[in-house]
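Look at the two complexes coming up: subunit A is in both, with subunit B in one and subunit C in the other.
Then we have the complex of A and B:
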């Protein structure tokens, strides 16, 4: 099979997410049932889930989820991993044999922490150290791909329809306070396991419906900061831009959204002076991080979720609220199927970020 | 009345069942199935639950009533017939519509009536009771769009860039003020008695569909928007 970047397939996607603001943990069955009625938005070439709060026993350790194409790749990766990390648990991720899911790689999970002395000698903070390590594995070890690298969270993805992928990974056995899910309809690239959504770095995950036209401008810029876009798919670059702006530059999520879905100059001209200054600054400094073209994304992070549409709103998105739960999906049916009665249902405007965080003081 | 339980049905199976079900049909437990009643004519369909995208696409007659909300692209390229939605509609409602009527009691999303067109007796109509999102009537080429802003606290019940690319047809907005960012190619003015007479029947029909008093609509002014000439964009890309 030809991989990502070796073939172009011209041809949409489904996204859904649910979070409990009180931090109540619930099973992955909710996310599976939510994505299921949007079956026809994807074509079986990729499905995936991000789950937050699923590893409370190991909440302080990084959970690496890794795909291996070969025994050699695993051996090589584990060798590198063990030189830098204290690995507490190494295990196969439990899966269920299903006729719908084929060509499985070996799928492993490691709970680990970087060696303290090594970390100190590099002078890097822990998260930076880990993100560089992940980029290194994914670019230098052929056949090994770290697809999840945060603490107390995990990504589960495969080639297949999302509801099948969820059952394949036995997500009904996991409980998290926030879940996002994606059904893929690859537009430019073939479907393969690594190319399925969510895309992840540390605890950031992105699921995306759309096709960004600024990919190459964004890629050239972000690669100057040590990221490597290895998959030639647009969602990967969105993940790195968010990591760069929010984690490395210390910008708030609102500011991050103001960069990637910046208002039009005509809108900035009509703002009061303080806002005009702020938005002019952001657009000038981060012009190469403006994301153009149609997108609706759900960003998952520790303690919350952010939904964002492109500024022209070329993709659909609805938000539902019921009690302490907030739902975001491409279609209303995805919400109603798990929450028939809602307190509120609404559609965010293009470029308007919707940020939902667990209540203050909740231990997650 | 034939009842169809849509629970767990794939959209193809559901549509086949609808086609075989006769004149009067009630669909229960609808959950996102697309293309309901695509290209059909002459049936009376009632839907409970959430119909999927492109409800009534290519509809060629008959009526569809939704007891709740509809999703995106309701009435995509419909030709004739009536779709009545008791709740709200998503984006691109009446997308490329070329005839028939869509009446929405609540709000509608972005790009309502995009690429709507008319020809002789084919005069499509969209009436939205509440507000719409941005790009209302984008590239509108014909037909009538009416936005009533019932319950709206905004001065104009529409989003940004209303009428972008409009080159035919008319829009009526019940509003305190016109939107501030109308493109230069759109001419707007207070509706005259003649304009109001033109839509009186439509308002009548809308109010009858949702058991409302037509008189209550006249406490706010109506504005009418139309392209400012027969060919408003002739110099936009080339100067010939």
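Then we have the complex of A and C:
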């Protein structure tokens, strides 16, 4: 059987996310409890979490989370890492032995920063340097896979049901101001941990439910800009597109959403002149980054979260608010489990981004 | 009299029970196949003149006529076919090059027919074009590499290089006034206007009556520079530099003096009755850097307001050539495959030079992506697109849009008799004879063209919906939506698709 990256595997999924607008940190238990009632939306072949604000003591350092299939892969990867990065901490990520989680790779965490002089000599900005470094490790070192590479955030994922994955990683011991979670229903059975979600690049994480029909058009286009889609998953290509538009092209998240879930021409033609010009421009210039087919995605980033449905809303997604917390999930039950009484609950329209950011001035 | 070694290719079968000797066939046939014998009061045929254009069959009021392949054969030979022998006889008799028209008819592989299209099942839904928007609009032209912002932070939208807006990704390919008739040109121009797409003047200039269709016209600049002047360049929505043609890569064109009538002479700006000969190369383009100069000369002449298309024939190193063109300042590349039609070409060239458009397109699209310059240009492919499925496959392989010409002529009545070069087109298309031209009614012609393209558009929308795609641009280059059948590893590799079952 072919592994992730050798074949494209469509999958159905469950997603959930919760953020505190005041930047209050809360334990991963909330995210675990939220994803648990959507058990039947996954099939035990992948689950994971993204957590923001969990490493305040190392907030200025990149936190690399790495899977190793072998001691050789670890040795090789660490050697490469040490030539480019000043590594402050190298440690095993704590886990809890559980019968539900098997075949675990070695899972390590590194807090580090690229060497200043090396960075200057490349002429790249720090984030571009780090993103290229991660792509290099993941494509060139067999058996090593960096699955989390942002600052003051981390991804935790495995093959298994998401609630088990959360407990395996002892997420109740971490506190963050924003959590997203993913349960996966792939349509075959790859046993590779790297294939679980969230997918991450720098501090961007994406959890996604859907199967995009534009996949290969998007993939072949984004690969022109130095990205390598090695996993052949939707989530990977969506993350790269967001990274390209938001970070490299300097677009706002709203503009990014306007490209990937663009309004229909019939809507654009009916807009006032300024909007019509803007949307026509974005659809024309970035047409290869339009994403079609069903998707609901939760994008996590430093200081916020964006929820977005495909323009026909072919996947369920609801948003709930209670006090300073905002919840987004595939199903309402995931929200009601952790916040039974809500101030507000609604279904965003297809293509309409819901962007929640931590209040201004809050240190995160 | 010298012996005629050839046997007629077709037989004219006339049912004497049905024929009423009304002489319609006689009046309709410019090739003078039919004649009336007053002695017997019956119709006679000289089938040696028949090109099988089916004009007489279509107009016979009693359905008395059938044109069939002549069962008479030379002695059968698995190596020396009837055609091979006949062509030798003709050349031995005349000493001339053989001429033919329309596209390469030989049984080379048809890759379109070895590619299959995907559809959604269970894991993602198909989309019903009757219930949901299904978008076929696309823009052709160079896309900028980065956004620019106004001082207020809004995105600058007016700095975009010139674009062609198409409501459907199908354009009418170049056919010159001269090679086809006034009425055919008018039909194409009106249809393009109604459909929200473009037709292409070809290399014969733009008739003064058709300037009003300028916003839907692509004006061509070819090696003969016929009819090229400032107003002509200004009239079009885009300018196409024709380097080559799929039916006859590497050679120029030849329109016989017989077709240079008063109006054609005026439009082409050449004397009446003289042969219009386009040189094989542009004599100001002997290299890629020369092309760049012509591209920018045309841009200068039109103040950078019109996209420049460079059209080339699909030849062996087409990917490298396209890469050079994508860096020449051109906005759009048109690639014409070896099945592309022509009003006249040397038979040997038409049948033996060039490569299939499917392979050329796949190679060019992939090469431009590898070199990270795919957004510098849009790609139009031409040469043998037969139906909407070919359009879908072309776009999924990586084309932005397709040019069609042969299907457009067929819609106007062409029966692919492939004898345009003699100028006696009974359907009023490839002729300048007024009595024949008037047989093509542009009021009917443009509606038939609209019908054809609208029908294809609906079929494209159905296929897109089946794949769960609701914008044509999400299908562009989406090669995972294609699978090959009966193709070898190398062919799959070049096409960049997997085999069915994979």
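Basically, the second predicted complex is superposed on the first by the 350 of 364 C-alpha atoms of A that agree within 3 Å, B and C clash if a C-alpha of one lies under 4 Å from a C-alpha of the other, contacts with A are read in each partner's own complex, and residues count from 1 in each chain.
FYI, contacts are C-beta pairs under 8 Å (C-beta built on N, C-alpha and C of every residue); 3 or more make two chains touch, one makes a residue touch a chain.
Please read all numbers here as calculations on a predicted model, not as lab measurements.
In the superposed model, A:265 makes contact with subunit C only, not with subunit B. Contact with neither subunit B nor subunit C is seen for A:173 once the two complexes are overlaid on the shared chain. Subunit A is touched at more residues by one of its partners, and among subunit B and subunit C that partner is C. Applying the stated contact rule after C-alpha superposition, one finds that A:277 touches subunit C and leaves subunit B untouched. With both structures placed on the common chain, the touch criterion links A:350 to subunit B but leaves subunit C unconnected. In the overlay built on the shared chain, the residue A:254 is in contact with neither subunit B nor subunit C. 266, 312 are the residues of subunit A that lie in the contact sets of both subunit B and subunit C, per the superposition on chain A. Within the complex formed with subunit B, the residues of subunit A that make contact are 37-40, 266-267, 312-313, 316, 318, 331-334, 336-337, 345, 347, 349-350. Within the complex, the subunit B residues that touch subunit A are 10-11, 31-32, 34, 49-50, 52-53, 69, 71-72, 90-91, 109-110, 133-135, 159-160, 181. Of all the residues in subunit A, the ones that touch subunit C in their complex are 8, 10-12, 187, 210-218, 220-221, 223-225, 249-251, 255, 262, 264-266, 274, 277-278, 280-288, 290-294, 311-312, 314.
Within the complex formed with subunit A, the residues of subunit C that make contact are 120, 123-125, 127, 132-133, 135, 137-139, 143-144, 146-147, 154-155, 157-158, 160, 163, 369, 372, 374-375, 398, 467-471, 473-481.
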